[in-house]
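Shared between the two complexes below is chain A, which pairs with chain B and chain C, respectively.
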Partner chain A sequence: MFFKPTSQPPDVRRRRLPRVPHTRVFSWLCTFLVGLFLLSLVALFGWQSLPVWRDVGPAYVTGTLWFYRQHTFGTLPMIYGSVVVSVVALVLAVPVGVGAAICTAEILPPRLRLAVKIAVELLAGIPSVVYGLLGILFLRDWVYRLLSPWDPLSGDTLLTAGILVGVMILPTVLTLTDDALRGVPALQRQAARGLGLTCSETVCSVVLPQAWPGIVAAVLLALGRSLGEMIAVFLVVGRQDNQWPAHLLSPQPLMQSGQTLASKLGGSETNIAYGDPLHWAAILGLGLLLLFLVGTITAMSFRFLRQDRHA
Partner chain B sequence: MHFRAALGRVLLGALGAWLVLPGGAAAAILKINGSTTVNLPVAEAAEILRAEQKLQITVDTQGGSSGGISMLGDGQVEIGMSSKHVGAADRAKFPRVKFQETHIGEDAVALIVSRDVWNSGVTNLTQAQVRELYEGRVTNWKQVGGLDRRIAFFNKEPGRGTWEVFTHWLYGDSKKAPPVNFPEVGGNEETRNKVASTRGAISQLSASWADGKTVFALGIKTESGDAVLPTAANIANHTYPMSRPLFVVTNGDPAGEAKIFIDFLLSSRGQALVRKHGYLSLDQLK
Partner chain C sequence: MRKVFDLGFKWVTGLCALLACGVLALMVGAILFRGLPAVSWHFLTEQIRLVGADGGIFYNLVGTLILITTALIVSAPLAVGVALLQGIYLRSAAGRRRLLLLLYLLNGVPSLLFGLFGFIVFVKFLGWGKSWLTGGILLGLMILPTVTVALIERISSLPRRYLEAAAGLGLTTEQVIWSVILPQSVGGLITGALLGLARAAGETAPILFTATIFAGATVPAGIRESPVLSLPYHIFVLAQDSFDPAVGTKVWGTAVVLLGLVGGLSLIALPLRLRIHEEANHG
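Now for the complex of A and B:
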């Protein structure tokens, strides 16, 4: 008996332990808490912003004027500002970021690549207020001088904010694109080179197409960050309301001050709004719009990331 | 298995403890928030009291005067700093809070312009000119006797004490101020920096911040034709029209640490700090 443990009835302790999967319970609990937090956040914003959806209705997202004393709440110029700033940022950061990622992933020796990656990820960790102050100190004046042939009113423009955010999201684009490129198996590169393709041909026709979903995901995550960026934009965008352009595609607004959803939320108007239910609802509605925009884009980027993993 | 189970229990226990137990009982911290203008002497007083009396004090300037008042109303801070009276609307918003203002000094709001405007000869404006400028009917400096350049008006954001004093002076009541469309500026540093680095710029700024080197305070031309500058004497005898009181606000009479702090601000050393930052102390106002 003593030498045949397998035939023994299972030990009580050994049988009981696997029945309570603590790890799983714990991780479910945490997931549940996170989900609950997110849901209650959306619910709270939705509930508190209810008056503005009821009283202002669709004009809240299609109206172009915001005068809180007159109870006119139109957010379109702010949505426009957020989009313009993000587009400028992406136009600047994506070519540079993807180009640099091709360099780190395909050309640099592994050690140097690691050094570059560490440096870049450190850049990503710099608080955005630091970028904002640098923007006030240098970028505003630089843009002001750059635009002087067109006689801008000041250096606080959508362009300034876009450039600043572009610098801020560059590390995100670079490091995630680098990961996507490294995810393409080395065997395929060797096969391509074996077939006589040059280094650049290999990158263009073998590596990039395969890493594509990952790169798109990187860009979308960077877009999410640029839409939500508050303090750095706040300091250089000018915070001028109601800047709805006469022509949607004209470059003129780039040289003028504007307002983004996030910079509006950072202003002291939130303190005035408190106590006036409709104004307060309008402010929280901005938060809901921002949450919705950033949430959608982040969700999209995760779709692409999953595709990348399956590829 | 044992290890994982044990780890799971420890983590669960830790989570439970974190959920159930309140935060560690820390020593009471005196929290202060509000106007960036009042902040200057208050922050320095806080530093002195931290060192001398070992008081725990945090001073912040979120949202200016309105931020200070609403955070006091919400009970998030013990002292609010405000460069305007607590309005009837604020009192109505927080009916249970007994806002008690303590006057610690006086400040003036200056209209500041950039160097090119000042050098082109615009050194004072009448109230009517300022009103036209604010309402966007005057958009070029040559219309008020200066150079040919568009006016870049940086409007102090509503809710700031500076803006309230400015619009109160122009319209008698800040609520009557017309809706305008200008880029907005917040804190005093930001305002001064942006005006100094922009051609044709004008903004409202606490007079003590108008240094006369990077930005220049305009005089206000009265009906008799004199230009009144925001000097200490003119503010004290109220010939300069845009001045405002500086307050620290408490809920009811100040008590405990808040009382120690406010007593210090009213003492000769505290009042010296008020003067040091360019404001008028209480004895200068008599």
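Now for the complex of A and C:
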């Protein structure tokens, strides 16, 4: 291109034509792809589980028996298992997490605070399969010994899974609560202290009421994570089907093996089920239930988190 | 009385913090105590033998590295695209809110469901069988919110005067993005990617049905029917029958290696992350 043909002058106008905004198109395309993925995820689970909603109907979520050879699909014991594990996990993790977050956000000097936050970040980074391994080799025995007065069959219980998940969601609760507490302006704290309130009174009457939406969001996110946790629960829950308790509120099921939605999905039955349309639909129905539960909880927590930011 | 209550309050919350740190110390201590004796040069460079009771985890390490590299390649461009839309192109608060909700929802999807999605779409529908590429794509999508949010935080904390100076030079939006915004916020992308990869390296559920097997795979040569070995799945399988003491030592050793990989990735990201976080909180 060292000379230009003189017969044709360079087309100046062509440069002025609006160019295709590549970056903008790329940006929208990426977002579209992500949205499409999420949508197709829901659609796929809905579509593939259609036969079970048609053939089994409402009994799918109210039935208490699951025998796939007889094509009996009732998911209630698994929903119950998921709920029990999550409740145990929250009961353990929320008080400790919120307490520790109050300590890091309100009491500790900056250096120590940093140290605790780093430790918690590392705790959050431990893979769930390593939690599961620790659960199998330590927690299971401890729970067995703890429950021995009641003569449990094994250490694989809903309680074991709940404790393990409780440790796993502790960092989530702690970090997000810490964020919420630190989002409250320092000026308000100073004003409260200036009025003569003690540190604890400032936290209880000034900081906590304002950080409330953020803390609820933290707990909801932790709940979502505990419902969806598969690997660690799978290893310690015992995976016993059809454990529907005689009395809903008795503590007895805590000491027995159970099954959660996620642990069922992760089991070998998922591989067996693929050939049989109804069985496969029943398995994917579990996924749809899980997706629905976790999706609702995540959306709720998003609302609370946004409220917190606007306040 | 108030003083006593205050002191008690501080003690109780302090104990909670101590408990959280104590649990971490106990867990890491237990893993190191059990696993460190198994870790040696041979452990890292030999392949698996005798169903995990002997030999090393070389190809498991390689497989996990392949998976997370693929995840990085999948998620980084997508993250840049989504973050630019959120940080630059979307002008309305409602639109931005909706996009953020999308990321939250994606982040909330249990990782197991990614695996089942991949099983239906890639393994069965596209007929790939178990493939490293499926695993990489799924892990990439799974860590996308982490990477994107880190990048968005960085973009939104760029000093306004940079953008004003660029606009003053008469640059188009596209030029501003490529010459100012992206070079200045690449740190956010790196931080997010490291955190995401740390998470991806330890995930078992998405690759369980789609990408990984226990033994008999080396470096994949193609896409179809080319699974890899991986560290988390190795632990997952061995953990279920770890009564053989030889297997027990190996599984703890694998846990140490995995923990080292994950901890290393998040430790590199930590200074950057804490700085961004503290800045964001101080306004």
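Rule of thumb we're sticking to: the second predicted complex is superposed on the first by the 284 of 311 C-alpha atoms of A that agree within 3 Å, B and C clash if a C-alpha of one lies under 4 Å from a C-alpha of the other, contacts with A are read in each partner's own complex, and residues count from 1 in each chain.
By our rule, a contact is a pair of C-beta atoms (placed from the backbone, for glycine too) under 8 Å apart; a residue touches a chain by one contact, two chains touch by 3 or more.
This structure is a prediction, so every number in the text was calculated from the model and none was measured.
With both complexes brought onto chain A, simultaneous placement of chain B and chain C is prevented by a clash.
By the touch criterion defined above, A:Val294 reaches chain C but does not reach chain B.
In the superposition on chain A, A:His279 makes contact with neither chain B nor chain C.
Of the two partner chains placed around the shared chain by superposition, chain B and chain C are both touched by A:Ile136. Looking at the shared chain after the overlay, A:Tyr144 reaches chain B, while chain C stays out of its contact range.
Of the two partner chains placed by superposition, chain B and chain C are both touched by A:Asn271.
When both complexes are overlaid on chain A, the residue A:Phe26 reaches chain B and chain C alike.
With both structures placed on the common chain, the touch criterion links A:Leu235 to chain B and to chain C. With both complexes placed on chain A, chain A has more residues touched by C than by the other of chain B and chain C. The clash between chain C and chain B in the overlaid arrangement falls on one stretch of those listed (19-27, 217-225, 253-261 or 271-279), that is 217-225.
Judged by the document's definition of touching, chain A residues 22-23, 26, 29, 136, 235, 270-271, 274 lie at the interface with chain B and also at the interface with chain C.
For chain B in complex with chain A, the residues that touch the partner chain are 1-2, 4-5, 7-9, 11-12, 15, 63-64, 66-67, 70, 89, 92-93, 150, 152, 154, 157-160, 175, 177, 179, 181-186, 190, 193-194, 197-198, 200-201. The part of chain A that touches chain C in the complex is made up of residues 21-24, 26-31, 33-35, 37-38, 41, 44-45, 48, 95-100, 102-104, 106-108, 114, 116-123, 125-130, 132-134, 136-138, 167, 170-171, 174, 179, 182-183, 198-201, 203, 221, 224, 227-231, 235, 262, 265-266, 270-271, 274, 284, 287, 290-291, 294-295, 297-299, 301-302, 306. Across the complex, chain B is touched by residues 17-18, 20, 22-23, 25-26, 29, 67, 69-70, 136, 140-141, 144, 151, 153-156, 235, 238-243, 257, 267-272, 274-275 of chain A.
Residues of chain C that touch chain A in their complex: 2-3, 5-6, 9-10, 12-17, 19-21, 23-25, 27-28, 30-31, 77-78, 80-82, 84-85, 88-89, 97, 99-113, 116-117, 119-121, 124, 141, 144, 173-174, 177-178, 198-199, 201-205, 208-209, 232, 235-236, 239-240, 242, 248, 251-252, 255, 258-259, 262-263, 266-267, 270, 273-274, 281.
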